[in-house]
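Input: a single structure, listed below in C-alpha cells.
Letters A, B, C, D and E mark the chains as written, and numbering starts fresh at 1 in each.
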Amino acid sequence: MGFFLETLLGGLMAGMLYALVALGFVLIFKASGVFNFAQGAMVLFAALAMARFAEWVPAWTGLDNKIVANVLAFLLAGAVMFVVAWLVELLVLRRLVNQEAATLLMATLGITYFLEGVGQTIFGSSIYKIDIGMPKDPVIVFDQVFQGGILINKEDVIAACIAAGLVALLTLFFQKTGTGRALRAVADDHQAAQSIGIPLDRIWVIVWCVAGVVALVAGMIWGSKLGVQFSLATVALRALPVVILGGLTSVPGAIIGGLIIGVGEKLSEVYIGPLVGGGIEIWFAYVLALGFLLIRPQGLFGEKIIDRV
Amino acid sequence: QAKEQFIPVLSYRTGPYAPNGTPWANGYIDYMKLVNARGGINGVKLAWEECETGYDTARSVECYERLKGKGASFVQPLSTGATFAITEKAPVDKIPVVTIGYGRSESADGTVFKWNFPIAGTYWVASDAILQAIAKKEGGGMDKLKGKKIALVYHDSPFGKEPIPLMQERARMHGYDLQLLPVAHPGVEQKSTWLQIRQARPDYVVLWGWGIMNTTAIKEAQATGYPREKMYGVWWAGAEPDVKDVADGAKGYNAVTMQHGAEPQSKVVKDILAMVHEKGQGTGPKDEVGQVLYMRGAMSAMLGIEGIRAAQERFGKGKVMTGEQVRWGLENLNLTQPKLDALGFAGVMRPISTSCADHMGAAWARIHTWDGKQWKFTSDWLQADDQVIKPLVKSTAAKYAAEKKLEPRTPADCQS
Amino acid sequence: MLYRENGQFKTSYRSDQQIFPIRQDRVVIALFALVAFVLVPALASDYTLRALLIPFLIMALAALGVNILVGYCGQISLGSGAFMAVGAYGAFNFFARIDGMPLLGALVLGGLCATAFGLLFGLPSLRVKGLYLAVATLAAQFFADWMFLRVKWFTMDTPSGSVSVSNLQVFGLPIESDISKYLFCLSVLVVIGILAKNLVRSAIGREWMAIRDMDVAAAVIGIRPMYAKLSAFAVSSFIIGVAGVLWAFVYLGAWEPAAFSVDMSFRLLFMVIIGGLGSIMGSFIGAGFIVLLPIFLNQFLPVLAGLVGLEISTVGIAHAELMIFGALIVWFLIVEPHGLAKLWSTGKQKLRLWPFPH
Amino acid sequence: MRRPFGEVVLEVENISLSFGGVKALSDISFDVREHEVRAIIGPNGAGKSSMLNCINGVYQPQQGAIRFRGREFRHMNSRQVAEMGVGRTFQNLALFKGMSVLDNIMTGRNLKIRSNLLLQALRIGPAEREEIRQREFVEHIIDFLEIQPWRKTPVGQLPYGLQKRVDLGRALAMEPQVLLLDEPMAGMNVEEKQDMCRFILDVNDEFGTTVVLIEHDMGVVMDISDRVVVLDYGRKIGDGTPQEVRANEDVVRAYLGTSH
Amino acid sequence: MTATAAPIVLDVNGIEVIYNHVILVLKGVSLQVPEGGIVALLGGNGAGKTTTLRAVSNLLRGERGEVTKGSIELRGERIENLSPAQLVQRGVVQVMEGRHCFAHLTIEENLLTGAYTRSSKGEIAASLEKVYTYFPRLKTRRTSQAAYTSGGEQQMCAIGRALMAQPSLVLLDEPSMGLAPQIVEEVFEIVKDLNARENVTFLLAEQNTSMALRYANYGYIMENGRVVMDGPARELADNEDVKEFYLGMGGTERKSFREVKSYRRRKRWLA
C-alpha cells in the first residue's frame, strides 16, 4: 500500500513536469493551429541560456550572490526567448500565413534544427547545471503508518507547485484578457482573423514569447533535475501523449493529461513492467492516450473536431 | 609527398551523448598529435579526419564509408550500434575494427572475428570485475554473493544488454538474485526504475549507462535515498561528466575502470600538455586533459597506433601500412611494461598482448570511486575470470559463425 | 520555349493517361534511367554508391510509402520507423529460420509482415484523426522498439538484440558488391515506384485523396472510408516494410532496433513534407534533401570556410550544418509551401511560358 | 407543358431531427416522383440542407423513415445510399481541394469501377480499359459543363462559380437516379444561372434523372421546378406546384416577403 | 450623387496581380470609390472580383498572390504595404467570400471577435445589439458553434462580424450568396442604411446584378482580369448588353430560365 501510494505520488509529480512541457505545445497550437515541433528545442535552448547566464553573470559582474545571479540569468534567458519569438515571427510565421498545418509543422522543424545549432554554438554542448537551490534529498513521511514510509521528493513537490501556478496564471490570462478568443479565432482561420483586424504578427510574438517563458520554466526545472544537456529536448516526446490526451487546445487539459499519463506510466512500469521485461512505460503512455482517444477522439478537453458538409 | 598514415576518427560532439563523446575525441586526437610531435611512427606521420556521427548508426556508416576511401588503417566506430554494422563491412573492406572498451564481447575470439579488436577489455570483463569488487566488499570470494540481490539498471540497447549473459551466468554459479531494469534512451526519465529499486532494496545496483542516463540515475538514487556506495557503474558510467554536477550527491559512487582512471599525473598527459597544448595545438580545454574519458581516447588511439607500429616491425619500418597489415599488427600486439613506460603509460595500464585466438589481450580492471571532487582508485587490480568468460566467448562466437556459415580460421591463417 | 507541349495533341485518352504525357518529360526520364542504370554504376565511386546513393534510394522508397499514407491519404503517421523495423525483423526471421529462403521472398514476406502490423495500428484511424492519429502511430513506434528489444524470439535469442545477415543473392547473383547492391535497390525502387504511381492515378488513389481532402463528401459519393484508409495503411506499410528490409539487409547488414527509432519516423515524415505531400516525385526529392544535404553541408562547409581563410572545428561544422539545414527548410517552405516537387512543377510552368514572364 | 411523372422514387415520412436543443426538422413528409424537379425552399436555417443530409445518410434522423423505390432505410450509411443511385452537391463547397478538376469528377465514377487494387497497381488489362472508359464518360461531363480549359487545374484555384460546376460534375459522374442539389447556383450571375438551369434541365430530360433542388433564387425555382416543398424552421408549411406555393400565404409571410 | 463629386476614398490604379508567381489574374485594374459611395463590382465567375478586393484589403499574401504593378491608395495614402490589421484600424474591413466564420467559436464569439480593434465595452455591446436587430436569426443561434449553423446563418455572421469593427469602408464579397430573398433585401437595406446614416462607404462584388445595380451608385464590370465597362449604376442597368448578360432580360421582359436554350453562346466585350 505504501509503495502503491509512493508510485502514485511519483506519477503525479512526473505528470506535472510533463504538463509543463505540454503547456508550451498547447499555447502555440491554440494560437495558430500549429503543432510546434520546436517546443523541445525551445526548452533546451532556454535551459542552456539560463544555465550559462547563471555562470556568466557572476563572471561579468563580479557578483557572488547565487540568488541574484539566478534571477538575472532568468531574466536574461527570458529576454533571449523574447528575441527568439520575435525572430520566428518575423522570419518564418509572417511568411507562412494561411498555409496548411503540415507546412507550418515543417517550418517549426526547421526552427528546431536552427535552435539546436545556434543554442549549442552560443552556449556549448556539454552538461551544464542549473542550481536554483532545489532540495535534493528525500523526505520520508508516514513511516509509522506504512512500513518504510512514503518517500516524497521535495524537489518534485516544488516543481509541481510551480507548474500548477503557471497553469493558473495562464488560464487567468486567457480568460480575463479576451486574448483567448482572438487566439482561437486565429487558430481557426488565419485569413478571416486578419480580415477583421487581428494583428497576427503581434499575437504570434506574444504567444511564442509566452511559450518561450513556459519553456524556460520547464527547462529550468528539468534542468535543475537532470542537468542541462541536449537530451532535454527529448522530454518533448514524453509530453506528446499528454498534450494529445488532454486535448490540443486545452490548458487545463495539459495538466489533467499530464497527471493521467504520469500516473499511468509509472504504475504500469512498476506493476506490469516486471512481468514482461520492463521498459514499457513509453509505449504504455501512448497506448493509454490512444485508449482515451478511441472514446473521445478530440482528447479529454479538446474542442470537438468539426466535420460537416 | 611525405608518408602519412591515415586514421579516420568517428566521433560525436553533438547530440545527446556529446558531453561524453567530446572529451574522448579530444584525447584521441591529442594523442595522435603527440605521436606526430614525437616524430611519428618510425617517421611515418599520422593524418586523420574527424567525422561527426551524432551517435547515429546510419550517420556513422556514412562517415566510415567516406573516410575509408582515404586509406583507413583502422577504424573505431565508438558506438555499439555502429560497431555491429561496420563489423559486417570490415572483412570486405579489409579494415580492422578497433573497439576499446565497447562493442561486442564475443568478438574477443579472433578465430571467428578476424577483423575485430576489442583490445583491453569487453563488457563481460567489466561486469565480471564489478561482481568481483562487490564480492570483495562483502568480504571475500564470489561465494559471498550468495543470496544477495543485485539490480542491473541498463541502457535499453545492445550496449546495455551486453553484460546480461555474463551476469546471468554468474548468478547461476553463485546464487545471487539478478533484477533487470531497462531504461529507455536517452535515459532522462527513471522515476519508475528507482521506485522499483526502492521497493526491492537490492544490495547493489550495477549501472550500465551512457551520457545523461548516468547523471540521472545518480540523481534519482539520491532522491530515493539509495546509498551511492552500493552503486557500481560500467566504465562508460564512471567519468567526470557523469558525476560533476551531482558533486557531493555522488559521493561514494563507484565505477569500474578500463585499467586507467583519471590520470593527470601520468607521463603521457604531461607530454601532451608540453608538446601539444603548450604549442597551442590542444584540441579541447586544457584542464580536462587527463580526465577519465580523455584518457580513454588517448589510450584507444595509442592501442591502434601501436598496432601500426607492430605491423611496421614485420612489414617494413617507416612505411605506410595497409589495413590488412595493421590487422596483423593488432593481432600480434605485445605491449610490455617497458614499452608502456616509454609511451608514457606507466601506471596507467598493464601490459597487453594479443594473439590470433585472443583479440582482447588483457582482462584487467580496477574500481574507482568519486569522492565528491575527483575519482580515486579504491581497489586493487582485478582480473576477469577466464574460466567464466572464455566459454561464453567461445559459444557465442561459435553461434555467430554458424549463423554466418563462417569457417573458423585455420592455424595457417593465423600465421599469415 | 524549350519546354512546351504545344503541337503535341493527344488523340486518345490512353495517350493522355500515360505516366508522362509530355514528350520532353519522357525524354528526360529516359535519359535519367540511362544515367541511373548505366552511367552511375560505371562512374560513381564506392563512397558515392555505398554511402550516398544506396541510402538515398532506400529512403526514397520508404518516403514513397509514407507519402502514400500521409500525402495521398492524409493520415499522419509517425510510426514509419516501426513499419520499417517490422519489415526488417520479419524478413530476417524468414531469411534466417527457413533454409534456402530467397532474398526476394524474404523481401516480400517482410513487406507483408509490415502490412499486417500497419493494418493493426491503422485501425484507430477509423475513429481518430489528424494530429491525434499521430499518437496511435507513435504507439506503434514505441511498441515496436520495445518488442524487438525485449522479445528474444524475434532476434533469434542474440543477447544484444542485434542481428545480421549475409550471403544475399537474387536469382543466384550475389548482392555483395556496391554496384550490385545499388542496382538491386534501384530496381526495387523503380518497380515499386511505377506500381505506386499507377495506384495513385487509379481509382484507389483518387479514393485516398478524396478521403484526405474531405472525408464526409467522399462518403457521400460512395467511397468507403474504412476501405480507403486501411488500404492506404496496407499499401504504405508494405512499401515502408520493404524499404526497411533493404535498409537492414543491404545498407546496414547488421542492425539493432535503434536503427529504426522514432528519429527515423520523423525523418521520413519530413522527407515527404519538404518534398511535397501527395507527389511521388516529391518523395524522391525530399529523401534527397534530408539524406544528402546534411552530408553535403558537412563536407562542403570546411571547404567554404577554407576559402575565406577560416578553419572551423568539427563541432563548429556540426552546428553550422544544423543551422543551415534548418534555415534551408524554412526558406524552401517560404518559397513554396507545398514542397520541393511543387517548386519543380512551378519551375516547369515558368519554363513553359518562357521567355515571357507570364 | 408539364411532363407526366412516374411513380414515387423517394419518399420521406415523418422525419424529425434535432441537435441538442435545436429542432432542425420536425415531422416532415414529402415525396419525389420519377423524373421531376422537386425544389425545397425556405428561410435560412429552415432545415433544407439537413433534409438532404438525412436523405443521403450523413445525418441519422431520430424519427421517421425514408423510402427509396420502396426500400426503407433509416440507418443506412452514405455509401449504401450512393450505391442506390443518389448523387449530391454541397452548399459549402465540398470538393477535394488538392485534386484536379478531372480527378474530382473521376471520383464520382468510383462506384462504377470494378477492378481491384492489384490490377490497378499493374495497370493492365481490365484496369486500364476501365480507366479509359470512365475517362471518356467524364470527358462528356466536362464538355457538357464547359470546363475543358480547367481540366488539370487543382480545384482550389478555381473561382467560386466554377467550383460549383465541378461539384455538379462530380455528382453527375455518379449517373445518379436522384440528384440532390444544394444551392447549386449560389454565387453566380444571371447568365451563369441560365447555364446551370440548362444543365439541370438537360440532365433531367436526357437521362431522366430526378432532381431535388434547394435554391434561394425564386426566379429559378419558379421557372424550372415542377413541385416545391417549403420548410420553415423545421416545419413544412407548403407543398405544391410553384404557382400554388407562391399563392400560399404562410409561404409568402415566412419566406418570400412581399416583393415577390 | 456622381462618382466625381465626393473625394475619393479608395483609388486603385492599374494593378496587376499574380498568384503563385506564375498566374497573372488582374491585368491592370483601375477603379475609384468615392467617399460615402456604394460601388458595385460586377462580372462573371473568374473575372477577378475577389482578387481585386483581396488586393485592396491586403489579404493576397495568404493566397500566395502579390500586386506586381500599379498602386492602391486609401485617402491619398499608399496601402500596398500595410498589414490587413493596420487597414482595419484605418476602417477598411472585408467580408470574405465563402463565409470564413471561426468554426469553433460560437456565433456571438464570432461577432465579438469582430470588435477586436475596439476597446469600449459599452459601444461593443451596442454594436452587438445592432447586429442582432439586423439579423434576428443570429440572436436565436448565438450560442451555437459557427460550424454547426446553416450556410445562410454563417453568411449573416460574416457580415455582422465585419460590421462589428465599425468600419468606414466595407469590401463586401458576394454578400447575398446563400441568403434567402428577403434577407438579401435586408442586407442591401442595411448597406443603404449604414451608407446613408453613418456615411459608410461600400465596395461590393456581387453576382446578384439587379440588386447590386439597384442599390449602388456606380458600377464596374470586370471580365478576365480587366475592367471592361464602368458607369453610374443607372446607366449600366439600361445598357443592352448588361441587360442581356447580367440581368437576364430579353428585350424588356425577364427571360424564363426554362426557356433559355442557347447556353453555348458567349458574347463578350473581349475576344
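Note that a contact is a pair of C-beta atoms (placed from the backbone, for glycine too) under 8 Å apart; a residue touches a chain by one contact, two chains touch by 3 or more.
Chain labels with UniProt names: A, C = Branched-chain amino acid ABC transporter permease; D, E = ABC transporter ATP-binding protein.
Bear in mind the structure is a predicted one, so any value in this text is a computation, not a measurement.
Student: In how few steps can one go from chain C to chain D if every step must land on a touching chain?
Tutor: Minimum step count, chain C to chain D: 1.
Student: From chain A, what is the lowest number of touch steps before chain D is reached?
Tutor: So the least number of steps between the two chains is 1.
Student: Suppose every chain is reduced to the average of its Cα atoms; which one is closest to the average of all protein Cα atoms?
Tutor: Measuring from the global C-alpha mean, the nearest chain centre belongs to C.
Student: Across the interfaces D-E and B-C, which one involves more C-beta pairs in contact?
Tutor: Per the contact counts, D-E leads.
Student: Which chain's centre, taken as the mean of its Cα atoms, is farthest from the centre of chain E?
Tutor: That would be chain B.
Student: Taking each chain's centre as its mean C-alpha position, how far apart are chain B and chain D in Å?
Tutor: Computed from C-alpha means, the inter-chain centre distance equals 74 Å.
Student: What is the distance in Å between the mean C-alpha positions of chain A and chain C?
Tutor: Using C-alpha averages as centres, the distance is 32 Å.
Student: Approximately how many whole Å separate the CA-defined centres of chain A and chain B?
Tutor: Centre separation, chain A to chain B: 37 Å.
Student: Taking each chain's centre as the mean position of its Cα atoms, how many Å separate chain B from chain E?
Tutor: 74
Student: Give the residues of chain B touching no fewer than two other chains, as numbers and ranges.
Tutor: Only 13-14, 22, 156, 182 qualify.
Student: Would you pick out the residues of chain A that each touch at least 2 other chains?
Tutor: 99, 120, 125, 277-279, 282, 308-309
Student: For chain D, which residues are shared contacts with two or more other chains?
Tutor: Each of 58, 90, 92, 94 in chain D touches at least two other chains.
Student: What are the touching chain pairs in this one?
Tutor: A-B, A-C, A-D, A-E, B-C, C-D, C-E, D-E
Student: In the complex, go through chain B and note every residue touching chain A.
Tutor: 13-16, 18-19, 22, 156, 180-184, 186-189, 191-193, 195-196, 198-199, 211-212, 215-216, 219, 222-225, 241, 244-245, 249
Student: Which residues, counting only chain C, touch chain E once they are in their complex?
Tutor: On the chain C side, the touching residues are 337, 346, 349-350, 353, 358.
Student: Can you check the complex and tell me which residues of chain E touch chain C?
Tutor: Against chain C, chain E makes touches at 18, 20-24, 64.
Student: Which chain C residues qualify as touching chain B in the complex?
Tutor: Residue positions touching the partner: 45-47, 50-52, 55, 96, 149-150, 156, 159-162, 164, 166-167, 176, 251-259, 261, 263, 295, 298-299, 314-315, 317-319, 322.
Student: Can you tell me which positions in chain D touch chain E when the two form their complex?
Tutor: That would be residues 19, 22, 42-46, 48-50, 91-93, 146, 157-162, 183, 186-195, 197-199, 201, 216-220, 223-224, 255-257, 259-260 of chain D.
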